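Data first, discussion second: the structure below is written as structure tokens.
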């Protein structure tokens, strides 16, 4: 990255990229690749497919830079596109069965305050949710979007988002109890 | 001659047939449009799919999407779906009288209340009705109200309760323990009124 | 307990790093920039006298062009109508899915109410003689 780009404000990067500055676009990719790749990976459970998906997202961004109004809009736009592309991919007949999560994903090194067994189990169980519900959960608990933003990103009514969160938490909790990872409260 | 034509036209136009609301199908409820609520509501869903529109909608469902494929199967036996659903930012911002007017339609012959669910804690009231005709469910009505939202759902057609039951997992329709073939509805009220 | 599950989910769903060469891969896949447009000045030679072939073929050429325009216009109208029908159908199917989801959500309320145990009523006190 050239000193010019390392010093440029984020909004300047966007402006430069819109004017055709390829290095500015590269900087934008670097800034957002982890988030985009992660959403794809959590949705699809496969590293190779998540890479292809994330690449497609950035190619779409390249074609639609003119429509991005701000850095905040960029972040939202990227999450919206990757989540919807992932849902479309999962809904194709060949991929409609629940996807087994890569063992590698399930074994991402946990932080010190994290129960590795719990994290691994939750990652796997997330892969058993239907595509739309899975997208809601990833955007909520990985990307920390609020309900209204998730509803806009996935073109869903707010109540549907709330419903997905409620049912998914209930389902996950039930399966965790069944696997004796948590205790059932009386 | 022209005068005669104009008079006849006026007669025809003034006759009751031209000014009445269109007749409702059996099992179809007369639902208010709630036009004034659309601006007040934080979220609203208004769906009016008569037989023609429902047929059109079914043709455009994506059979490769499991959810839409299930919807397509369900819709082959339906003739109309009507929904009025509103959410608000403050309590009871909706006209209870209009909802009561819809409830009154459900006391007409043929309608049976299948489920009555009340939650004192969440202040939720949900009533599920079916119209039984010739031993079969011909229409379903749901009236649900909470302090900040209400919904009226009317599904018209040959309601296959087993098929509705079988949608569980696709739309998350719960097991209602509905018994088909019953002549009258069964009221299940887990939170009895005091 | 729901809060615990939510916290565990946040911990489990930490972002995962993209592969080290991901950015380079994206940059390689970018389409080439279109070549800048070249403006070429055309020398238009105007002659005073029209060539004789122009006066011979101008009318049939104009007729043929009009016919072509009419056919294309008709096709355009038909395509527009088809497009409108498609938009109407897609909108109707979207409304249908919305309606079925609302139905499902309201039936959920019934399910939750039925899952809830009925409130325990305290036993009536016995009359003591």
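Residue numbering begins at 1 within each chain, and the chains themselves are lettered A, B and C in the order written.
The working rule: a contact is a pair of C-beta atoms (placed from the backbone, for glycine too) under 8 Å apart; a residue touches a chain by one contact, two chains touch by 3 or more.
Just so it is clear, the model here is predicted, and its values are computed rather than measured.
Contact tally for A-B versus B-C: the pair with more C-beta pairs in contact is B-C. Chain centres here are means of the Cα atoms, and by that rule the chain farthest away from chain C is B. Separating the centre of chain A from that of chain C, both taken as means of CA atoms, is a distance of 20 Å.
Note on chain placement: the centre of chain A and the centre of chain B lie 36 Å apart, centres being C-alpha means.
Rounded to whole angstrom, the centroid-to-centroid distance between chain B and chain C, based on C-alpha atoms, equals 29 Å. Shared interface positions of chain B, defined as residues touching 2 or more other chains, are 45, 67, 85, 172. In chain A, the residues that reach two or more other chains under the touch definition are 157, 159, 163, 167.
Looking at chain C, one finds that residues 98, 101-102, 104-105, 108 touch two or more other chains. Of all the residues in chain B, the ones that touch chain C in their complex are 45, 47, 49, 53-54, 56-61, 67-68, 71, 74-75, 81-83, 85, 115, 117-119, 124, 126, 128, 142, 144, 151, 153, 155, 167, 171-177, 188, 190-192.
Only residues 91-93, 96, 130, 132, 157-159, 163, 167 of chain A touch chain B when the two sit together in their complex. By the touch rule above, chain C contacts chain B in their complex via residues 86, 88-90, 92-93, 95-114, 116-119.
Those residues of chain C whose C-beta lies close enough to touch chain A in the complex are 1-2, 4-6, 8-19, 22-23, 25-27, 29-31, 33, 98, 101-102, 104-105, 108. On the chain B side of its complex with chain A, the touching residues are 43, 45, 64-67, 85, 87, 149, 169, 172.
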